[in-house]
Each structure stands twice: as structure tokens, then as C-alpha cells.
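Pasting a structure here, questions to come.
When the chains are written out, they are named A, B, C and D in that same order, and each has its own residue count from 1.
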């Protein structure tokens, strides 16, 4: 597993913008989730397989974003994803959206809980996922200390 | 059952528009489907119940739209829905999108087939639905003849 | 101006849900913004007119949501909107999403700043808007005290 | 300019699907437009620059799609874009959506007209764009003849 921060790039499409000429705020969350889906597959837990075959889901219980600068049609965006917290039944993911000039356009956070779908209640994260999240969290913290 | 054409109203929201200042074309289909969901519930076949409880679905196999005039943020839109064709395994729905001044902004059509979800293939429409669609189609035709 | 809490109703459409069978989290923000657009028009500041004619915009600088219970296709949702904070250059709006049985499905908050579009920087809210927001805030606080 | 068919790949994200477990039909058009935006930039006419700086736009006047097979969460999709018609004031684009096994999942077509934004009416395509579209069309036809 690669311990480097996960990066996901996308352009601001016409349908991401609105008549005010900038990204419609809610679409940032769609892009955050695209990054999350790509990332969780790279650490060995592809969401589609989990949802289709398994008893578990990792629904969001919280989402938030701060918008620093407007994003416009055609802007190239790089989102960097990191593990912000890794509990036994939940975890938090941080997202930083930057343009090629390095300017921070937005940040976001999502909080996920492990849900037993049949029983409709939270349950412990699979041990392998929990272990990977903790390993990535430790690595993020070291990066932050050096930063 | 009411045989009058089904009408569904909605405003063009900020998120419906794009940086060109007008409705992003694909969102017209979202609004058409909202009208379709509202309509099919009124004729006794609510989609959510059908999908949740039953073996059948009515997926789209074709969708099309023609855009006559741009729709802008804040425009009030009335969509009129009518049955354009009612077969034994499929049906066609027409949509007319008008602004309060009576101007035609767009038209759309969707074609739906009856799908047996377990078997993954088409099957006859439920007799009650088929019968209602034919009744509505006959009524639409009379309207058109008078029009 | 009506000082009662503003209510906006909508059904969970098929396109609001995802393959996990529940509302895709980002779409809650779309619905919150629909409620916001409807509300701000009722207090005399329709967004479309503001964006089209004026120099000012009220972009979001923060958005967050907490998801208490899954929302499913066909659920009827009532969102109640209230002013949570009213500053000279920004304001905060709270949203409560409830199902007909009174259960709280989600809450959200958006933070808006007044932006001078030409200069690309924040500016004081129009006096009339600021005054209305403070009046609504005072009323919300009284409701909360009584609650 | 590369005369080979333009290809654009994307995964079916969770938000592309609905509670029926498959791609919500309207989202196919969003993906078609993403391919279109990527393609038109490669032939030298990036949409964002055209919309931001110029007097011209290329709005859609027609869109249609046929759905052959359901697309599911996690499916990898390749869309192949080709010029289907190149007139003096309008053009048609065809899209084929295929999964990695080569199966055709859907086709779509969009029709665009050249619009003078200030005057709000159609106008001739820029000569350079018109010429490129005809060149690509001729190449597509040769491909089809050989096919």
C-alpha cells in the first residue's frame, strides 16, 4: 500500500457551475466522493464490491466544506485526501482542493460509520480496513509534523 | 382516475443552470423524471413501492429532448405529461415544458419497458397498468384531434 | 413578512438515491439550497433577480450536514429553515429535515457572505436584508427559548 | 490534430446510480457532455474559453440516448465520440458507451447550433471549427466504410 497522500484530479465541467459563473457548492461533495471512491479502492476496499456482495456499508454521518476561492469552468483541480481520524467504528477523511497554481480553493471533511446493513446499526470496522486506516493516519500525522 | 393531462410545476433552480446562464440540458431529463414519478403515483403505480416490493421495474430504453428556448434561473416551468404510445411490454411518455407566458421551452420523450428484475428481461406490463395507459392514450388522442 | 419558520416540502426522487438504496448525501445540499432559494424570495430578495441585475451575490463559504436517519426513495421530507446568525457581512442558515412521522432525518447549515461581484470581495449586506435577517433571528431565538 | 476517434473513460460512481441499482438515465448525458468538453478542447475550441471570452456559444438543441444494457456502480466505461454531421451552423455528435468486455451499454447523440450570444440567434460556425468538423466527419465516414 502506498502511504503517500492520495491525489485525484478533475476539471470543473460546465455542469459543475451555475449561473453565478462558479462551482455550485454542493457539487464539491460529489467530487470529494469521487476521490473517496477512487482512494478506498486503492487501499483494497472497493465500495461497489462492498455494497454488492457484503453486509457492510460505510455511510456518511457528517459532511462539511469550506470554500476559500471560487472555482470556475475549465479550472483543473487536484484533491488531496487524507485520513483525519480512525476509530473502531468510524473514520474521518479530509480533502484539500487546489488549483495548479497551488491556491487552496476549498477543504472538506466526511465522517463515515460502519453499518451492518441487515441489522441497520453501527458495527466495528473490518479489522483489515481499521488497520490500514490507522497506518495511513499515523503517516498523515508525521507529514503534518514535518509540514 | 383523472383523464386530464398531468401537470407538474417547478422553478429553474440555481443548480439547474450553468455558467452559460441557462438550464444545463441534462437537467431537463431530471425534471421530466420528477414529473413522471409524480404522475405514475397518481395513476396508482408509485415507483418507490414498485421498486421496493416487487419483481418489476420500468427502466428507460430511450430518452430524447428538443430545446426550443433557453430556460433561466428563476423561470417557472410547467411540464405537461401525456401517454404517446401504450404497448403490451413498453410505453412512451411525452413531456412539454412551458413558461407562464405559454412559450414552449422544450419537449421530451421517454420510452419505458417492463422488466422482470429477477430474470433480467422484458415481460408484459401488469394488466391494470396497461389498461390505464391505453385509456390515457385514447384520451390524449381525442385531445389532439380536437386541438 | 411572515415570521413563522419557513417550510419547504419535497419527495425523495429516484435520482436522489444511490445503489445503497438511500439518499446520496450530497443531494441533501441541493435540497437545502432549493429551500434557501424559495425562502429568500419570500423575504423579498429573490436570488435570480439579485444575480441577474445586481452587483451583489451571497455565495456560500461553508456548508455542513449531519445525517441522522437514511432517507429512501418516495419519502416525503419537510425542511424547516431558520436564521442562525445575522452579521453585517454574513449570515448562517439552519435546516432541519423531517419525515411525516416527525423523525429528524438530517440537519444542515450554510454560511453566506455578501460579495461585491465586480470587486470580488466581501461587502456589507444591503441594509434591508440585514434588518430582515436580524428580525427573523430574534424571532427564532424566542421560539428556541419557548421550545 | 489527431483524426482517431476520441475516447474518454470514466467509472460509474455511486452518485451515478439510483435505488434500482443502475445508472440513472439522465446522468449518461452528463458523462456525454464531459466527453464532449474534453474532445472539443483537444480540437482547439475549449468551451470555457469560448464562453468566457467570446460572443459565441454552441448550445444543444437536441439530445437523445438509447440504453442497451444497465450500467452498475463500479463499471468502467469508455465513451467513443465521433462527428455525425457537420453543417454550416450546426453539428451532430455521436457517443458510444462500452464496458471493457466490449459490450455496448448505450449510445447518445447531441445536436449543437452556433449561437451569437449578444443577438440571441444562430450564426455560422467559426470557419476553423467548421473545417475541423468536416475533416473529422470525413474520417469517421471512412472508418464506417471500412468497418
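One rule holds in what follows: contacts are C-beta pairs under 8 Å (C-beta built on N, C-alpha and C of every residue); 3 or more make two chains touch, one makes a residue touch a chain.
Just so you know, these numbers come straight off a predicted model, no measurement behind them.
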### Message
Of the chain pairs B-D and C-D, which one is connected by the greater count of C-beta contacts?
### Response
B-D
### Message
With centres defined by CA atoms only, which chain is the most remote from chain B?
### Response
A
### Centroid distance [mean C-alpha coordinates] between chain D and chain A, Å
29
### Summary
Cα centre of chain B to Cα centre of chain D, whole Å, reads 24
### Summary
chain C and chain D have mean C-alpha positions lying a whole-number Å distance apart equal to 35
### Query
Where does chain B touch two or more other chains at once, residue-wise?
14-15, 19-20, 22, 24, 26-27, 30, 33, 48, 51, 72-73
#### Entry: chain B residues within the chain D interface of the complex
19-20, 22, 24-27, 29-30, 33, 48, 51, 57, 59-67, 70, 110
### Query
Hey, which residues of chain A end up touching chain D in the complex?
11, 13-15, 30, 33-34, 37-38, 46-49, 51-52, 72-74
### Summary
The residues of chain B that touch chain A in their complex are 14-15, 17-22, 24, 26-27, 72-73
